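So, here come the structures, one by one.
The two complexes that follow have subunit A in common; it is paired with subunit B in the first and with subunit C in the second.
Our next item is the complex of A and B:
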């Protein structure tokens, strides 16, 4: 029994890492732009598709496809960010919802229009299993956890010490003051969005080897699962998001393992409902945004 | 807008509207000749069963080309109109209504997903359009057809009642399994097949230790597989989606289940792409399928050859076959009825005896065709046929 408990915990941590990398981008976007990016899962999908495309059609290796995928996602994010997302700053909340939902629909159906509606098979990545603490684990999953930790350490350092990070914190606090002080708000907004979306793309291409299926609608579930995480972690709170993602990953793993797989998706939404009822500003202090 | 404002420029607006309506009429007429037989095909063309949908549509198109090039039926050509169900009842019903109201089809073959077919049945009944199902396996579809209620539904495909009986019989008698874990898709198909399996558990003195259902789009099975590994189950009963099986198979390799606990049931285990994804996990898998390319009759082999020639060497799956055969079945029924009127064809189908690639087809009083279920086991990376079973069903008393 302890063995099984340990295995579910490990599964939860791996799942949580995937969610964490995706969620941090969405929470950063909210923190700076005050927009919930409903198209966030689609950048995850774009990253996966880009990687799949170069592996299948151009015969690149997996590491090169990761670089390509993140670059392409970043490029897409620059375009969307420059023409669309920047205008959301200071606009009413509904604008952001509508705009990002629109982007989501466009990206999903673009993928279906370009590549067809059937599920594609992802060939690539390090799927050979290794033994860790007596549990079988694909090498890719260990890579995901390592990347997740590195990403969060990196982001934490950037936000605390770098100029861009400090500007991001400033913009998330008060835009007018930033403009007075001389911070280029439009630029900060754009780069925050690009970083967030690129992280989603990175998460997509890292999980593709173990998730195997690539299809246009795959981002939708990601967006819906990320929403409870960012609310639980506190909108805009990077550290909180990491912990919330881990909590969700482990909770899902336990529910799937001990209660039933069919209830797995409900964990996110039950958590969301509880959060909104009990502690709508998130598990962590309101003051600790960024 | 004031009243006078609305009527400003009225002649121009009226002319524009008329022109638009006329062009609309011309466009729809240009697509199909008067007197064409309009056949709708509802299938999942996008989503997790898109592979099935693509095979089904191509199988039907191949049959239509064969019939049309042989002169059509009494001189009339068949025209296919395709609708995308996305394997969800909402979209399937919407596609069916569009086919009936806008494309004016008189006959529909659809869907693959049982949940969609169940939702389509009342629609075609009200519209008096003949629905011949060629791929759904949930028995409820024909429990409610023929004398069971829906007169306009026929099914040319074996049901999960036969399938689950056949699989359980083989697994317990030939492999001596008595403890099973369930991991099926959370739909009418997945849950229905398990309900029927449970009906026969006592007869074969076996038990189900754990029961899990996965949603369409689920990618993380590690938790469930860990649970199954610890539970002492000897086999996993899986009635699932074609595109999810490779994911589960890969994760079985990861968690160390591959080669230890086989998959039994149905989920396109016999497709070469699935086997290639994780050969050790699929070895020893037992599947009950309605047809497979290795089936050895002249008509069946000829179909495989024609399909491969028409579609760049791709081997057909059982949905391609069943849709191809069903189009020929409808054509033969039209010839027997000497009419393309929906009601006459429907009545003629009840009495037809059609020579198919899997044997002679007749329909029982619930409009269900009596067709065999083929049992196969994956040995050495390829499916090997172990037998074919025709089951007769005890229909529940209304």
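Our next item is the complex of A and C:
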């Protein structure tokens, strides 16, 4: 029993890391833009598809596919960010919801239209298992956790000490004052969005060997899991998002292991709905800002 | 007679009345000269009109963006299907019960949800769809899970010695027309009433409305429940037309379609939503070439609505109506 518990815990940490990398991008985008990016999961999907494409059709190795996938996701994010997301600054939030919903529909169905709707098999990554605390764990999963920790440390340092990070914090607090002080809000918004989307793509590439199946609609599920995380963690709150992601990952793992696999995907929104009804300001803040 | 009365009496009527008569004739006799596939498309358009009216009430008149219409649509569909499968009830009981059940469900869901601010409210309503889908997939004893409920009986009416079933597409067209017309009438009455003006006040400036003495929270809850009733009735019509219902009814596709109808048609107007329904749903049914292309078109529509046509179709309709209108002689 303890063995099973430990195994579920480890699985939960890995899952949580995957979600955390994706969620931090969405929450940073919300912080500067006040827009819930419904298309965020699609960048995860784009990362996965790009690396699958590189491995299957161009016949490169896994590390090269990671670089390619993240670069492609970043490029896509630059295009979408330049033409769409920058216009969301100061617009009513319904615009953001609808526009990102539109982008998500277009990206999802483009993937299906270009590559077909069937599930594809991802054929790369470091999936040989390794012994850890007495459990066998695929190397890729450990890699995911390590990358997650590195990403969060890096982001924390960037947001606290770097000029870009300080600009991001400033934009998320008060856009008008930023413009007065001379911060290029459009540029900050664009780069925050690109960083966030690229992180989602990175998560997609890293998770692909573990998930194994690749299909056009996978982004929607990721979006539906990331939304509860960012709200529970507090919109715009990077550290809170990390903890909320871990909690969701572990909770999903326990539900799948002890209650039933079919309930796994519902854990996110059920927890979110319960939390919104009783504690609308998120788990980590004292008042509701959004 | 005063000069004012004189001016009002010398009025040459324009083409509005003939246009209305022509449209009414077309609508009433459509099955006679419209092909059966186009008829099917129009039936689907009228079915989707109902949750769209509900969403219009929420977004257009009270200013609440809710994504939960798909959830109540699905609830209404399942409720109606289960009633008619297990109890063999006539259609009017099914459709009213579906509406009432959806509305009753909206009440305990709306009370905590409406306390939230705009962004969290959108998330919460999205959660209703996800939870609805999860329940329909997992409550297998009631809903048969992913297999769904098939062979839902066609609507039948039993009034004393008469009873007839609505089987053909043309007959269903008239049924849907009747229900849709009643819904539009109900919508019109709600919106033109003093309650409707209060809703518009809430949409424009909620704090000011509250300050003037409008019980905003009560209104928002009532509108939330009413829109769920509309959606539930739509779901009931839908399931009896298709004779199947499954967890797929809770997909985002339905909510997205309803959103596009309302926002592309003209949020806050009646004629806009009607035209939007015909345009987006009927056209997309007719163009059912490849589902992916249709969804990409939806996505592009959403982007166009946000950036180019925030008022949707409504300005175009207004211009046409004005052009048809009369002039003073």
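Here, the second predicted complex is superposed on the first by the 285 of 290 C-alpha atoms of A that agree within 3 Å, B and C clash if a C-alpha of one lies under 4 Å from a C-alpha of the other, contacts with A are read in each partner's own complex, and residues count from 1 in each chain.
Just so it is clear, a residue touches a chain if its C-beta (ideal position, glycine included) is under 8 Å from a C-beta of that chain, and two chains touch if they have at least 3 such contacts.
Bear in mind that the values here come from a model prediction, so they are computed numbers and not experimental data.
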{"item": "Touching partner for A:97 - first (subunit B), second (subunit C), both, neither", "value": "second"}
{"item": "First (subunit B), second (subunit C), both or neither touched by A:257", "value": "first"}
{"item": "First, second, both or neither for A:235, with subunit B first and subunit C second", "value": "second"}
{"item": "Contacts of A:112 with subunit B and subunit C, given as first, second, both or neither", "value": "both"}
{"item": "Touched partner set for A:11, first subunit B, second subunit C, both or neither", "value": "first"}
{"item": "Subunit B versus subunit C as contact partner of A:265, first or second or both or neither", "value": "both"}
{"item": "Doubly contacted subunit A residues - partners subunit C and subunit B", "value": "112, 117, 262, 265"}
{"item": "For the subunit B and subunit A complex, residues of the former touching the latter", "value": "45-48, 50-51, 54, 84, 183, 186, 211-215, 217-224, 226-227, 230, 243-244, 246-247, 250-251, 253-256, 273, 277"}
{"item": "Partner subunit A, residues of subunit C touching it in the complex", "value": "65, 112-113, 115-120, 122-124, 126-128, 130-131, 134, 137-138, 252, 256, 259, 263, 290-293, 295-296, 298-303, 305-307"}
{"item": "Contact set on subunit A toward subunit B in their complex", "value": "3-4, 7-8, 11, 14-15, 112, 116-119, 121, 127, 129, 135-138, 207, 210-213, 215-218, 221, 252-254, 256-258, 260-262, 264-265"}
{"item": "Subunit C-facing residues of subunit A, complex", "value": "34, 36, 84, 87, 93-95, 97-99, 101-106, 108-110, 112-113, 117, 220, 224, 227-228, 231, 235, 262-263, 265-266, 269-270, 272-273, 276-278, 280, 288, 290"}
